[in-house]
Amino acid sequence: MLQVRQVVKSFGRMNAVDGADFAVPQGSITGLIGPNGAGKTTLFNLIAGSLIPDSGTIVFDGQRIDGLTPDRVFHRGLARTFQIPRPFPKMTVLENAMLAPTRQAGEVFWSNWLRPGLVAAQEKANRDRAVEVLGFCGLGSKLSELAGNLSGGQQKLLELARVLMNEPRMILLDEPAAGVNPTLMETLVDKIVALNRRGITFLLIEHNMDLVMRICRPIVVMAQGKVIFEGEAEAVQRDARVLDAYLGDLPA
Amino acid sequence: MIGIVSYLVFFASIVLILGIIALGLNLQWGYTGLFNAGIVGFYAVGAYAHAILTAAPRPELIGNFGLPWIVGVAGAMAATALAAWAVGWATIRLRGDYLAISTFGIAVSIQLVTLNWEALTGGSQGLSAIPRPLFGWFQTPFGFNLWFFGLLVAITATVYWGLERILRAPWGRVLKAIREDETAAEALGKSPRAFRLQAFVLGSTLMGLAGALYVSFIGFVSPFDFMPILTFQIWAMVIVGGSGNNRGALLGALVVWAIWSASGVAITKLVPPAHAAQGGAVQVILIGLLLLLALLLRPRGLIGEESVVSRHANDPDPLGKS
Amino acid sequence: MPELSFLLAQVPQAVADGVLTGAIVALGAIGVSFGLQILRFANFAHSELLTWGAYLALVVVAFAGPGTPIGPLSFGWQLIAAMLLAALLTGGLAFAMDLVIFRRLRAKNANPLSMVFAGFGAALVMRNVVVLLWGPGTYFYTNELQIAVEVLPGVRMLPDQIFILGFTFAVVVLLHLYLRYSRTGMAMRAMAESPALALACGVKVENVVRWTWFLSGALAAMAGVFLGLSPQLHPEMGFNLLLSLFAAAILGGAGSLVGAVVGGLLVGLAENLPILVISPGYKAAMPFLLLMLVLFVRPQGLFGERS
Amino acid sequence: MSAPLLSSRGVVAGYVPGLPIVHGVSAHVAAGEVVTIIGPNGAGKSTFLKALVGLVPTTDGTVLLRDRDVAGLPTSEIVAAGLGFVPQTGNVFTTLTIHENLTVGGHTVSRAALARGVERAYAMFPALAAKRNERARVLSGGQRQMLAIARALMTDPAVLLLDEPTAGLSPKVVGEVFADLRQLATSGVAVLMVEQNARAALRLSDRGYVLAEGRNRFEGQAADLLADRAVAEAFIGVRHGGAEGH
Amino acid sequence: AAQQPSCPVKIGGVLPLTGSMGPITTKIAQAAQLAVEHINQGGGVKGCPVELILRDDQGQPTVGVDAAKYLVEVERVPAITGTVSSGVTGPIIASVTAPSKVVQISCCSTASAFTLDGRSQGYFFRTLPTSKTQAYATASEMARRGLKKTAIIYVNTDFGVDMTKFVKLALPKLGGDIVAEVPYNDNQPSYRAEVTKALAAKPESLLLVGFPKDAVTIVREWLSLGGSQKIALNNSMRVMDFVNGVGPKFLNESFGMDNAQVAGPTVDAFNKSFQEKYKTDSAGPGVHTQYDAVMVLGLAMNIAKDLSGPAIKDAVRQVHAAGGAQVGTGPEEFKKAVQLIKDGKPIKYFGATGPIEFDANGDVTGPALVWKIQNGEIVTDRVISIEDMQALFKKVEG
């Protein structure tokens, strides 16, 4: 589904991503773990088009996507969430979600003059779907709250809801669980798994090992910009390098 | 009595023309977050385009084609749209203060062109033989003003309706999202550049329209109509009225312009003629104080921004608000 | 179109003019840059602080006289003393402005644009109070007329302007060190980014804000006095410089002190060099065209950082 | 255990006048104690912490810091009185360097104490030492979290409030941070934190509070909370006990 | 007088009391007030006292238009005096006074278009001569003084552009040469660039066309950079503010031009009463012409059969009727004029700027005077009579 080949990105003298090379199999929930500062978020930015690689290629669904702008990448069916949530603070939660669907007729300004009926119909469907998705993400009671007034965890949930509005072919999740209440997270995990069963591929950065071990197949481990491990969950916990760099002696 | 009515009609006409500019700015700033500090430049392009197209021919000048009013208005909007597109293409990626100072510079440049390119613009003398629509039909200036006021009401209403249509809809929602967080909007597949450019051109076109209306109302245009102070006045209107709200922009135009001119009346009545010069200073101080007071009492403007953009999102909540 | 050799012969003088007239712009632009960086809004009233600084110094000069000229300069130590006193007073004035207007707006969480337009309103008031107090006419610190000295063949400079350039340079270096290394300086920058977090660090944010206003006012007063020296004071003197100040601050990269100074000098050059070949009727647009050129290549300004 | 260093009683607080988010929350923490607050998203945990440091206005209730009522005081005074705070979001100055972040963190202490504090911070998080002259903007999410904690410690606070200190940290660093917090407590600091990583946090803590909808719901010894079926189901997540797999 | 007007009779005034023109407008407004006072002491208009309602246009067209509209519609004034900037006067003529048939007399707006293109329908007059007169006179004086290589620095407004255009037309024919031509935009903090550019051609003299405030800066920079002290100036600079600003000792070789201000008893009388009333001398741009503008209105309103715009418009041309008895400035003279008018006799007004006779366009022409600075004072050097002026026009225009 997604191939990252020898990708390098440096900031000044430091190589944040240093020849990372791995693949995300179609239909998988691939976990991406690694110590803080390993380059995971930077890699997401490279895949999603927010940054342009210095070298290397990124292939999504058989086509190169490195160098495309984020909105183009999104239109190819690849969506992402942000590690530090980026809601549209002065818009309501409902409208944050309603914004997300692509190809809305009403986004072409003259359609609002020339084809008001079509726009209204789409908006109604869009609104109903937004209410459903938000309800699912535990934000059902916050529909008309300004997104900027949400608590930290709620903003993360909103971030997730926005990508779910589109059912893209692949979703990049950057630490979806950080700051989210564990009980709620469990429902979200169920949703991710359910979506995955319907064919959406996930690449997921997470430090919550319980979560990673439970749903991620395979797991990719990065350290200092490089991929140091690629394989199954069980093998990860036995890999000396991973233990040393990442897990410490904590894993249960 | 008829005198006061006649003055009020005139006053209201100016308010509507300024109001159209304020609506254009509100589209750019209130909804899209584009800091256009070059309003007066686009206003000038519209005004001069209209004047050049419609004014009676004069041998020493290029232009002055004597075309019908409506052609002038359409031409003015087209010319402004083109200018805005070119300016937008070069500057739209700049943010905040940078965009402001660039557009400001463009406005200064445009004003200098109107001042220095005599063959086209008449230079500092301006262009004067600009026809007013159906002026000949009316016996009195009041009759003409009343008709033109009616025309302005119709145009403003159309503009308002057209804007509400596109803003309280998905298009407006994307604009607002881009204003709030460009990166996040881009990550959701919206192209900030394209939308910002659309809003910029559309808003500037309204400013050009206002320019055309202004010259065909006044019948004279010169570079001195386009000093930077006007840009500030329009900004004050949008801020005082409440940015992100079209009714606020129109109300702001009324309030700010009323302050600007009513303070003059007050001073003439209150200050003895011997101190007229100081009176002028007091008037401007008064304007400044009123502006400050408005901002201190209503920092978010008279009519605040609405939190819901799309009118469709407001339909009865299917889950009964839970 | 004049021929090339004739043009080239004019360049050195135009460069000198540009740098020297740019020095005052640079000094004034520091305050604007401060406003943009630390107070987080474009303060249109800044130019009026220049005017007030100049007039307050005038009051002192009216009592003490401009003094016997020091060396080749057109003024004596009295004027320098007057400038320092005016700097204190203008700092106080800026402080007062914050107290009655901007602090209240901050308390109401007003958006930055409201602050900008409050500044605009304050500018109207301040400018016209000058008219009421001192009248609309012009004043001079000194009636001396300096004759430029020929420092290089074909390049003439006024001693006053060289002094101003040196003074500006010294102020910038000091300020830079202060902001970079002093704890108050760091607190200022911290506050610029996040007042809430600065509060949580125990920074008395309101004090820092006031101190910033004071500094801005003091710097503006110095720029104003220099502006008044070249050669006159009138109520719109600061206002007429406003655009150059903003162009300079932004050209350099809003928030960068060194940038503001370089920006000021560039604005001076942009006003002086191009009109060798084009009509001076377009002079006012030149700094902006330069600015746009710079922003086209470096959208964050010369010394600004990409965000 | 000794008398509480920080205790709140019936704190009511909110962002908009007349719309309280926190409806009378009481909590306390003593020297040497680590106390964790857990609860669903939007429960008002962050708001409660912010109210304690005076960043959100309190409309009712008392906050005693070393027997002094600090409710309503300006934040700078509360911080000077010995409270350190790590916010949940926006917790570092991105435009300042790491070193400057620490310096601002120690704004209220003497120069000597500042130098000591900086050394201790770098010892605690070597990743930061390597980047001391870089702007905090370039830090990864986890690195920022480290910096934020280090910064809050600069004032040698008697009470340390942390809002989700381990969010975004790798398991190894989480372990280290928790160990450091325990160590701090042992040295006499009272630690009060909000955590969503509830299980791990409670394991480390002495006591815990559960907040929901702006009110105290449960409180008790950490071990008791962990063992409580109802608490676990509603707030900690039952399936998180271990890697159960599919 | 057919019908009795309601008292007091109102005259509207629109002037830029604030803004960049504010400094020179103070005295202009005072001159207008002085004229009103003289009219009232001299019997008013048709037995009524006159009231001048003065509004500020801030130098902004929209503000000026609004003020004029207010005066015409709400205050119902039949005549307006104003304003200074052509950019404000133009829109007022086009949208307020001409359509409403209200007389407008300006002290200061020079743009030639106003009176030429027929838009004003004859309702617009001005009491200052067109720039042409001044320009030709300046050129001839420069030639007389043997100033050969001259640089022109001029303000980039209709006034400066017109002046330069006509000087350029005249000077070569009179034996001079223009080596540099530098426009400047007003209200800039520094004019080093313009001065440097003008100096580059190594001129032997300077012609400066502009307004005092900026001119002080320009002349000081000019002198500092080694420019010649032979400086020709336009009428606006005939103020002590300018002379003292530059420093009189640097202006010994300078001279200036002014319109039509023949040194006559009516001029002196005005200067004297201005000095008495305001404790400051009356020199300054627009001061004399503004006084005349209001006086002409006062006279014309007395002559007019009623106080309607059209009647006043026609009467304006009769204030300087062929074969009329001469009347001058001041209350006594006004009283005399009123009596003459009552008796149905023609009058011939000689104002603060000499004889005021409007041509078919509503413009005045007249003689010119050359002034210079002597012992720190502005003194008249010589007068160019109407006859000489006419000869000059012939020589230049052929």
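For clarity, chains are labelled A, B, C, D and E in written order, and residue numbers in each chain start from 1.
What we mean here is this: a residue touches a chain if its C-beta (ideal position, glycine included) is under 8 Å from a C-beta of that chain, and two chains touch if they have at least 3 such contacts.
This one's a predicted model, so the numbers in the text were calculated from it and none came from an experiment.
Colleague: Using the touch definition from the top, how many steps at minimum link chain A to chain B?
Modeller: Between chain A and chain B, the shortest chain-hopping route counts 1.
Colleague: Any chance you could name the chains that touch chain C and chain D both?
Modeller: For chain C paired with chain D, there are no chains in contact with each.
Colleague: If every chain is reduced to the average of its C-alpha atoms, which one ends up farthest from chain B?
Modeller: D
Colleague: Determine which of the two chain pairs, A-D or C-E, is joined by the larger number of C-beta pairs in contact.
Modeller: Looking at contacts between chains, A-D has the larger number.
Colleague: Using only Cα atoms to place each chain's centre, name the chain farthest from chain C.
Modeller: Centre of mass proxy via C-alpha means gives A as farthest from chain C.
Colleague: How many angstrom lie between the centres of chain A and chain C, each centre taken as the mean Cα position?
Modeller: 48
Colleague: Please tell me the distance, in whole Å, between the geometric centres of chain B and chain E computed from their C-alpha atoms.
Modeller: Each chain reduced to its C-alpha mean, chain B and chain E end up 35 Å apart.
Colleague: For chain D versus chain E, what separation do you get between their C-alpha means, in angstrom?
Modeller: That pair's centroid distance is 77 Å.
Colleague: Mind pulling the chain E residues that touch 2 or more other chains?
Modeller: Those would be 18, 22, 26, 156, 183, 185.
Colleague: Can you pull out the residues of chain D that are in contact with at least two other chains?
Modeller: Not one residue of chain D touches more than one other chain, so the list is empty.
Colleague: Could you check chain B for residues that touch two or more other chains and list them?
Modeller: 112, 115-116, 277, 281, 284
Colleague: Spell out all pairs of chains that touch, sorted by label.
Modeller: Every pair of chains in contact is listed here: A-B, A-D, B-C, B-E, C-D, C-E.
Colleague: Provide the residue numbers of chain C that touch chain D in the complex, in ascending order.
Modeller: Per the stated touch rule, the residues are 183, 186-187, 189-190, 192-194, 196-205, 305.
Colleague: Quick check on the complex: what are the chain D residues that touch chain A?
Modeller: 15, 38-43, 45-46, 88-89, 127, 138-143, 145-146, 163-164, 167-176, 196-199, 233-240, 242-246
Colleague: Provide the residue numbers of chain B that touch chain C in the complex, in ascending order.
Modeller: 29, 90-91, 93-95, 97-98, 100-102, 104-106, 108-109, 112, 115-116, 228, 232, 235-236, 239-240, 243, 277-278, 281-282, 284-285, 287-292, 295-296, 299-300
Colleague: For chain D, which residues count as touching chain C in their complex?
Modeller: Touch list, chain D to chain C: 53-55, 74-76, 79-80, 85, 87, 90-96, 100-101, 103-105, 107-108, 151-152, 154-155.
Colleague: Enumerate the contact residues on chain C facing chain E in the complex.
Modeller: Interface residues on chain C, with respect to chain E: 6, 9-10, 13-14, 17-18, 20-21, 24, 128, 131, 135-138, 140, 143, 145-148, 156, 158, 227, 230-232, 234-237, 240-241, 244, 271-272, 275-276, 279-281, 283-284.
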